[in-house]
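One chain, subunit A, appears in both complexes that follow, with subunit B as partner in the first and subunit C in the second.
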Partner chain A sequence: MTIQVIVRRLLFLITVVWSASTITFFIPRISAKNPVRERFAALSRSGGFAPADMEKIIAAYNTKFGLDKPVLEQYVDYIASIARFDLGVSFNLYPKTVIELITESLPWTFTLLLVTTILSFILGNLLGAVAAWPRAPQWLRAIATPFILLQGVPPAIMAILLLFFIAFRLKLAPLGSAYSTGVIPDWSSPAFIWDVVHHQLLPALALLLGSIGGWVLSMRGMGITIQGEDYVNFAEHKGLSGPVIFKDYYLRNALLPQVTGLALALGTVVTNGVIIENIFGLPGLGRVLGAAIGSNDFLVIYGVVLFITIAVATLMVFVEFLYPLLDPRVRNE
Partner chain B sequence: MTPVLEIKNLQVTYYTDAGRARALDGVSLSLLPGEKLGLVGESGSGKSTMALAMMRMIKPPGRIEGGSVIVDGTDLTQLTDEQMLKARLSKIAYIPQGAMNSLNPVLRIGAQMTDAIRAHDPKASKAQVEERCLASLESVDLKRDVFKMYAHELSGGMKQRVCIAIGILLQPKVIIADEPTSALDVVTQRQVMETIDRVQKQIGAAVILIGHDMGLMAQFVDKVAVMYTGRIMELSTVREMFTDPKHPYAQALIKSLPNLENKGVFQGIPGLAPALLRLPGGCSFHPRCIQVMDHCKTQRPRDSTLAGGRTVECHLYSEKA
Partner chain C sequence: MTTTTLDRTAFLQPSPMTLMGRYLRRNKSLAVGLLILLLLVLFTANGLATVDAENAYPLSVKTKQVPSVEFPLGTDYYGRDLYVAMVVGLWQTALIGVLAGALGTLVGVVLGFISAYFGGWLDAVIKGICQILTPIPAFLIQVIIAGSLDKRDVTIYTMAFVVVLLAWMGPTLVIRSQVLTMKERQFVAVAKLSGMGDLGIIFREIFPNLLPFIAAAFVGQVFFAVFQSFYLAVLGLGPLREPLLGNTIWNANGASAFFNNWWWWPMAPAFALVLILGSLALINMGMDEIANPRIRRTE
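Let's look at the complex of A and B:
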């Protein structure tokens, strides 16, 4: 890996972040809704505000948040503050800063998505590889099929079905939220940690069931190609045992495009994560984003989307750096 | 001398949706230690099937239906799968056809040689294994550095030589080389063939060379077997085959080769090889044979042994026998 390649990738990363932040800046502004006005409109419906005073208050807040300036000026301010890692404050939860919101919710999202993505990648690829391996027992190869079918179910529907049958009807899992109501979070108590894990099981299952099938399907296709390769045949001629051929000759080669696939799938992983968190009421990034979109909380939307973009782009670059370790042929790029 | 390889009445059938295809129909031959046999024939005549059957690598829907492959006193067809794994490479080795893709792209050459030795000799020390690999690489004229390289860093000829080096790692009694020089240029072809020739003499193994290239055969082998529709039509020494072929098919094959006396006038063989699913009755070559007789169409000829130990499967000779 030369310095040149690293620099090129980092420039790519910066370009992605810049484009993403520009797009997230302009999209909410197309809607022509003023978040301050929306907020006060909601409040005034419950009464107690004089219209004249309200206009003054709205104007004052607009000035405070810089919403009265021309859009381009706002854009320049916005880009400049991003460069300072200042993502502003939430209109809705004022004076909480966006960075605070993100750091509070990130561990939930990160843990859930990391664990399920890795688990799904490993399980899906193993099942797919076995499904394409003619010497594997028939029952083992058949396990893959239901996952391929489940792949067609959108994650939202999957989550609702799981909630209804497993949590509501069978009462095997809690109906949502991150931990039992009334419990005071205490990360040193094993009972609390177990309670949290217990609450995460169903969302994790929903994410797993929805994503394993994709890996199974692509890995099975790849596996069928690889097992016809001359080097797999020659490995057999050498008298190698089945497990050695499976691991070193078949799986290692079939996995290469799957790792690229993992980088590409990261975006979908986050999207599904947002949906699942909202359905299960988990206090993660997705929930913060959902609430912010619901109340036109611009700066939070910017902040979270920007953060997710940076995270996904960084992970993609990381996977790209990882790839040469797996495939010697791309090492001398 | 006792033969190191004896194939008796070997039969392989592929069970397809369209019916049973007899890919190998009672093939018998034997080789002495150090002997080199060329196996020639059109595509689909059963050459590669024969190689696979000897390695016991026929995959479903194919099946070895009968016969035996005796290498150095052991009948490979009677071994358990476990024993057969051990026999591959140590008793009978296979040098593959597509050397371009026969090496794993993500493993170093050394790792691909080491795992082969480890599979047969798990207890060997690391240094011992490496020494054997390096010695094998050197005997095929490759540098020791190749041990640490990847397949994509080697040329086509080098890859083929790596495959040969792997093939001779365990000093097998029989080496099957399945078109080892296809996709190589003629200079490299010659180098590869000379390499096979030299290492074969070193370890005293019998060699079966499969291919279409009659010129290459003429330079390299002692005996030639001509295959057609899964049967050996004629088996002769290379000199007899080229100067005085007996079987009409062998005669036609030799006539189709260019030579110095009749430049530019080659004679093809009329017709196409029949589909294995619908073989003609009697002798399978009779529809294309210019010396066809009435009973060729109904009766299958048997092997006739002629002077010099050559065998021919043709009615022209069975009458005299």
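Let's look at the complex of A and C:
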């Protein structure tokens, strides 16, 4: 991979980040909704009275948040503040900043999604490769079928089915939340860590079962194509053993397009993660987003969406940088 | 020398119905998918004809009833009859799916044709926008759009529209690549040489050949529209009063249905969505076979 390619990818990344921030800036401004007014309306609804000079208060807050400036000036300020990693403050949990909320919740989301995505990628690709491999035993090839059938079921639905059958009926797992109620978080105690893991098992299973089928299906298709290739026939005629052909000739080549698939799937992974966290009540970015939507906390909604978007776009470009490590042809270009 | 007259009917093609029946017997996934979809349509149509749709809204029936003869799917905390909510919810889900699916496919086909057939800077712009939007998770942008709308303005139709805004890139790229290959085929060259205009070539030569791809893209779009609008509703961004399937799950989740032993509340919509999305996925797999004759099975 040459410097030129790297520079081109980085420029593309910057374009994507800029487009995403522009979209998150302009869409809310097209609507007539004023976040400050909305917030005060909600407060006066729940409080039961509206202060006499509410309009003055709203105007004061509009000035404070810069909402009374011309849109273009606001846009420049906004892009400048993003470059400083400043995403504003939460209305609901004032004076917490959006960045603070994100850094607190990110480790939960990151761990859950990293573990499930890697597991589902490895398991799905192995199952798919075996399903298309004519020499594999019949029973091993048949394992893939139920996963392909599950492919149409989104993880959120899987989550509800698992909650009902495993947590509610069989009582094998908790019904949600990050750890048992009344437990004080203490990351040095093994009992607490086990409690957390125990609570993460069902969400992880939902994400895994909901995403594995896609890998099985695409890898099986890939495998069928690769079997007809000349180099696989040649390896067979050379008399190489089955496992060697499977690993070095068949799997290695079939995996290359799957890595591109992994980069493209990152958006779906994050989307599913957001919904799963809300269904299980886990403390992560998705839950922060869900709570912000519920309480009209606009800056948090925009900030979290922008953060996830930038993270996904950056990861995508980096997965592409992994490509030369896997494919010597690209490395030598 | 004698000539025998053959019975002409022995050579006639079987009726289209028989042919379709035979095809469905070969293409199992298409047949099963269509069957499930048909059952769902019958369930919804029968329900809409027999129930009082008012009971799908809060404060209409006794609250928190376990499924029984009177309430086949139980009732929820807010006093909705969940069977009626299911019927109305299925109808609304179908409406969003078909509307957003049709609109998205239409935009995709038009842009894909323009981009591939005319090329040049138009192609560069359309392709560039698609490429930049690909790494941005569409769902999150939909969250921003749906979140910026006034809660009172959110209806089934605005949901469909929000979904379409970020769903046309897929069909655009598919149609674009198909037109690009088709435009180089000989029949197009012949049409050009015989003096046919651009519009004539697009509509009389290329378009009919693309119909299987467009049909497959449509089914894919309906799947995505149902999926995305469901996820938006689960986050509480749907039309809050309507008994949309995702809204029912959002309500049940907000009221901690499983903690409170109201297990029937989220289960029925979950199963309904498994059936809807499952049947659409099966139909999509079956359509693949029509669009890609290479993997078509023979009798």
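In the analysis below, the second predicted complex is superposed on the first by the 323 of 333 C-alpha atoms of A that agree within 3 Å, B and C clash if a C-alpha of one lies under 4 Å from a C-alpha of the other, contacts with A are read in each partner's own complex, and residues count from 1 in each chain.
By our rule, a contact is a pair of C-beta atoms (placed from the backbone, for glycine too) under 8 Å apart; a residue touches a chain by one contact, two chains touch by 3 or more.
Bear in mind the structure is a predicted one, so any value in this text is a computation, not a measurement.
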| item | value |
| --- | --- |
| When subunit B and subunit C are modelled together on subunit A, clash or fit | fit |
| Touched partner set for A:D186, first subunit B, second subunit C, both or neither | neither |
| Most subunit A residues touched (candidates subunit B, subunit C) | C |
| First, second, both or neither for A:R252, with subunit B first and subunit C second | first |
| Which superposed partner A:E236 touches (first subunit B, second subunit C, both, neither) | first |
| Which of subunit B and subunit C A:E55 touches, first, second, both or neither | neither |
| First (subunit B), second (subunit C), both or neither touched by A:F164 | second |
| Which of subunit B and subunit C A:I23 touches, first, second, both or neither | second |
| Which of subunit B and subunit C A:E73 touches, first, second, both or neither | neither |
| Closest approach of subunit C to subunit B (Cα atoms, Å) | 11 |
| Set intersection of subunit A contacts, subunit C complex versus subunit B complex | none |
| Touching residues on subunit C, where the partner in the complex is subunit A | 131-141, 143-145, 147-150, 227, 230-231, 234-237, 249, 253, 258-259, 263, 266-267, 270, 273-274, 277-278, 280-282 |
| Residue ranges of subunit A in contact with subunit B within the complex | 134, 229-231, 233-241, 244, 248-249, 252-253, 256, 326-329 |
| Complex contact set, residues of subunit A against subunit C | 12, 15-16, 19-20, 23-24, 27-28, 30-33, 149, 151-154, 156-157, 160-161, 163-164, 167-168, 175-176, 264, 266-268, 270-271, 274-275, 278-279, 289-290, 293-294, 298, 301-302, 305, 308-309, 312-313, 316-317 |
| Subunit B residues touching subunit A - in the complex, by the definition given at the top | 55, 57, 59, 85-90, 93-94, 96-98, 100-107, 111, 115-116, 119-120, 150, 152, 163, 166 |
